[in-house]
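Multiple structures are listed underneath, in structure tokens.
After this come two complexes, each holding subunit A, first together with subunit B and then together with subunit C.
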Partner chain A sequence: MLTIEIQKEDVHDLLIIKGEIDASNSVMLDQKMLDLKNAGSKSILVDGSGLEYISSAGLGVFMSYLEDFQEEEIDLKIFSLSPRVFEVFKILGLDQLMSIYDSKQAALEV
Partner chain B sequence: MKYQLKIYCNTTALADLRGFLQTTLSGLQLSDKDQHQLTLAVEEVCANLIIHSHNCNGLDQIKLEVRETPEKLIFEITDKGKAFNLLDYEVPDLKKVVREKRKGGLGIILVKTIMDEIEFESNKGKNTCRLIKWFRS
Partner chain C sequence: MLLAILVWLALLFVDLVRLFGLLNELESGIAKEFTWVLEILFFLTVYLFYNYSINKNSQNDFLNLIWRAASTGIVAVFVSIMINLFYSLLGDSNLANEPFLNNFFYHVNFALITVFLISSTLLWKHLILYQKSKRVVKQWQAYEIAMLGAMFFVFFNNNSLDYSFLFGLVLLIGFGIILSANLKWIPYLTFREKWKSLLFLFIIINCCGYLFYQVQQYTDRTLYVVNLTDNLFLISLFSFIFIYAVFCFLVTLFNLPTSSVFEQKLTEAINFQRLSQSIQPEESEEQVLDILVDSCMSASYADAAWLELGDLESSKGVLQERWLDSALREELSELIQNQKVAQDWAVENRPENLNPLSLRLNHNRFESILLVPLVINKSAIGRMVLLKEVRDGFNKEMVNIISTFVRQACIAVENHRLLNQAIQNERYQEELKIAQRVQKSLLPTKLDHNEAFDIVAYSNAADEVGGDYYDTFKLDEERYVMIIGDVSGKGTSAAFNMSQMKGIFQSLIQLNLSPAQFMIKANAALSRCLERNHFITASIFLINTRDKTVCHARAGHVPTLMHQVNNNKSDYLGIDGLGLGILRNKQYENHVEERTFSYSSGDVLVLFTDGIVEAKNEKSQQFGFERIRTLLEVYHKLSPKEIQSKIIDSLHGYVGGDGLIDDDYSIMVVKFSDQ
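Let's look at the complex of A and B:
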């Protein structure tokens, strides 16, 4: 089960992910990211507190936008990942390539 | 102990696979982190088979057997699709994946990092992939 909600907060777009992302539904994340990019978002904050599981299909979606976002100066930050989900980002070295924070407050302070 | 599951080759079956693995692994002496990562690695292999070897043909099946010995956990995945030997695939360079905006290839990194041993054999149209995790005291 997966729900992805977008909320506008000041200049940021808050992407709230709840549930599990795998090969059957990663297209949902892809579509939301694409929608935000096409809508001209300059700051995407991903609330990962409700993300219970993510497989390579979902991680690949994030990775596939990194270069475009850098070129278009779109800020992508992820916060509040559970320790076990964060561990998966670390296995792939994504913690070095992406901006990941402990809390929303920490993500907003940078 | 031995546990078995059969799933049809549809990506929606991956949630059932996770449910089965969570139940099976929760009975063993594993940390929450290890349970999560083993589930992920087995799912990555099955997702690959469903998508690439069986083209999501819901009539095809994959069989998973989990065996526990005092030293190790063995996840044996068998199917009759196009042989997909993980060992033939090199671990891609992450920066290259980003540069090429690829969405694939990451699963192989996860499986090879999480598991201690990977075995593959193909015999008379039946493919067997064995993922092995050693218990460490």
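Let's look at the complex of A and C:
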């Protein structure tokens, strides 16, 4: 089960992910990211506190937007990942390419 | 038949001898009973012969049966008339009063009458028992027994017309009337056949009447020694045949006007059956629809029709046109389109509730029209349009039967489509099996190694094909390469990318690259091959058995577990590295590391994919890194094969008996030998 909610906070778009992302529903995440990009968002904050599991297909979605966001200078920050999910990002090496923070506070301060 | 003729000849001989004796006032000494016995024997032989002969050509249709009876009657009557004619020509000459000749002709007549009566009775039997029920069969058997009794009745009353004779006659006639009520075969005759059977029945009735009259003539004369024909058996048969023929005649006559209705219903039933049968996979939908249009037209006496597939509002594909050309059809479509009711009908939201719509039409030729929707699986696939030149030409019965036809045809079409789908699916399954076989062959069956280390590997795909990959390569006698990889996603797309990975490994590894160099080149190659949101993780190991070193690089793959005998500990190799295909430019070089370490005898390397780590039990808890580590610490002394099965068994035990591991998983175990 996966729910993705978008909230507007100041200049940031808050993406609240709850549940598990796997091959069957990663399209949903892809669509939300695309929507935000097309809407001209400049700062996307991903609340990963409710994310229980992410499969390689889900990681592929984040990965596929890295270059685009860099080109269009869109800020993508992920925060409050559970240790286990963070481990997945870390093993793949995504922690070096993406901005991942312990908390929302930490993400906003930078 | 021969036997019957012999018996008749014996009968003739005996009677002629008796006549001779009588004329010469001599007692021939032959009792009357002897004649009767021969007569009964004659009846029985004729009966047996006809029973046999009618049963033999079992495929007799009704008309044939009636014609047989009629033709026998005609022959009997013809012979009888000829004899009469012969006598009238003779006038009062001597020959006319010759008793021997008289008696001979009497016997001929008797034989023919008997043959006519018995054969007709047996033919009637066939007609009566056309629709057999237990009751009718019982009745018929009783009647036959009664008839048998009637044959012997002659012994009791000596052929006199007393009350017992009358009583028996009335009884048998009554019986015959009851049996004559069985006329169920008549409705099955077509209109033409009914006319023919009327003719035949008319002949039979007349023959019957004439022959009976003839028999009465004989009775009045006294020149015959033994009266053969005034017999209860024969008289009863006369009455039975006559009554049944009259019944049939009248019923057929009154059935004539309604016979077309019955024929119509029969055609409808046959059409219905044709529609149900036309589901054969090799037949196309068009054939079903072809039969449908024909059936509906004949059921409603429509003058023209067409059938179109597609949306009810904007139908495009016209499949069938009957008795009209496309110009006329378009003209009519226009007219239909202009009617408000038809418009409402066409945009009905729930096609499964749609009923055929009957309309009046303002057209110089067609005055009424019936729109029938073709509904499959709750959606309209098209419509059939039936046209008639008379106003309000479609009654309720027609609409009902047409609805039934259409429903049946739609079921046939739907079944046909489902069947094709099933066949298609079957083919896909077959293709997947082939893919599975091909992919299995991509994984090595023999793993390269020398005596310095032992190696085993195992891979399992969640679907038919998977995205896990492992391979080995022998650089030279002392240097070996091992790789394990995992393609993002799963199923067919992962399998394709996995085969690309295999190609890249097998070509790049021959360039004698260091592990980090290999990863950089592989990343560059894969960046051009993979879709934007796909990536591959891999770990590569270069084992040098001369220096006892392992050179290692990791590209986003789950860390490799190693047991070192020296400090008696199992731990994951800590090394950073980004997955392949994530950074598709030169910057990737900054994200890959390479590390060399030496090993000692008894050390164990366990390479695996994330399918093992992420396998969940019933409580949704992952198998995890720690469990694998502990397992290796416990079992590191075992052979690689045993270590591998310990881990896999433990994994299956953790997930639970029925729990399926819904990701691909692979494992490779390397153990350095004690030398």
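We take it that the second predicted complex is superposed on the first by the 110 of 110 C-alpha atoms of A that agree within 3 Å, B and C clash if a C-alpha of one lies under 4 Å from a C-alpha of the other, contacts with A are read in each partner's own complex, and residues count from 1 in each chain.
Please note the rule applied: a contact is a pair of C-beta atoms (placed from the backbone, for glycine too) under 8 Å apart; a residue touches a chain by one contact, two chains touch by 3 or more.
Everything quoted here is computed from the prediction, not taken from an experiment.
Trainee: For the three-chain model obtained by superposing on subunit A, do subunit B and subunit C clash or fit?
Mentor: Overlaying the two complexes on subunit A (C-alpha atoms) leaves subunit C and subunit B clashing.
Trainee: By the touch definition at the top of the document, which applies to A:24: first (subunit B), second (subunit C), both, or neither?
Mentor: It touches subunit B, and subunit C stays clear.
Trainee: May I ask you to name which of subunit B and subunit C touches more residues of subunit A?
Mentor: B
Trainee: Please indicate which partner A:83 is in contact with in the superposed arrangement: first for subunit B, second for subunit C, both, or neither.
Mentor: The first partner, subunit B, only.
Trainee: Can you check which stretch of subunit C gets into subunit B in the overlay, out of 58-66, 472-480 or 526-534?
Mentor: With the two structures superposed, the offending stretch of subunit C is 526-534.
Trainee: Once the two structures are fitted together, what part of subunit A is touched by subunit B and by subunit C alike?
Mentor: Subunit A residues touching both partners: 23, 53, 55-57, 59-61, 63-64, 66-67, 84, 91-93, 97.
Trainee: Can you name the residues of subunit B that touch subunit A in the complex?
Mentor: 10-12, 14-15, 18, 32-33, 36-37, 40, 43-44, 47, 50-51, 94, 97-99, 101-107, 109-110, 113-114
Trainee: Mind pulling up the subunit A residues that touch subunit B in the complex?
Mentor: 1, 20, 22-24, 26, 53, 55-57, 59-61, 63-68, 83-84, 87-88, 91-93, 97
Trainee: Taking the complex as given, what residues does subunit C use to touch subunit A?
Mentor: Residue positions touching the partner: 486-491, 532-535, 537, 555-559, 576-579, 582-584, 591, 610, 614, 622, 663.
Trainee: Which residues, counting only subunit A, touch subunit C once they are in their complex?
Mentor: Interface residues on the subunit A side: 23, 30, 53, 55-57, 59-61, 63-64, 66-67, 84, 91-94, 96-97.
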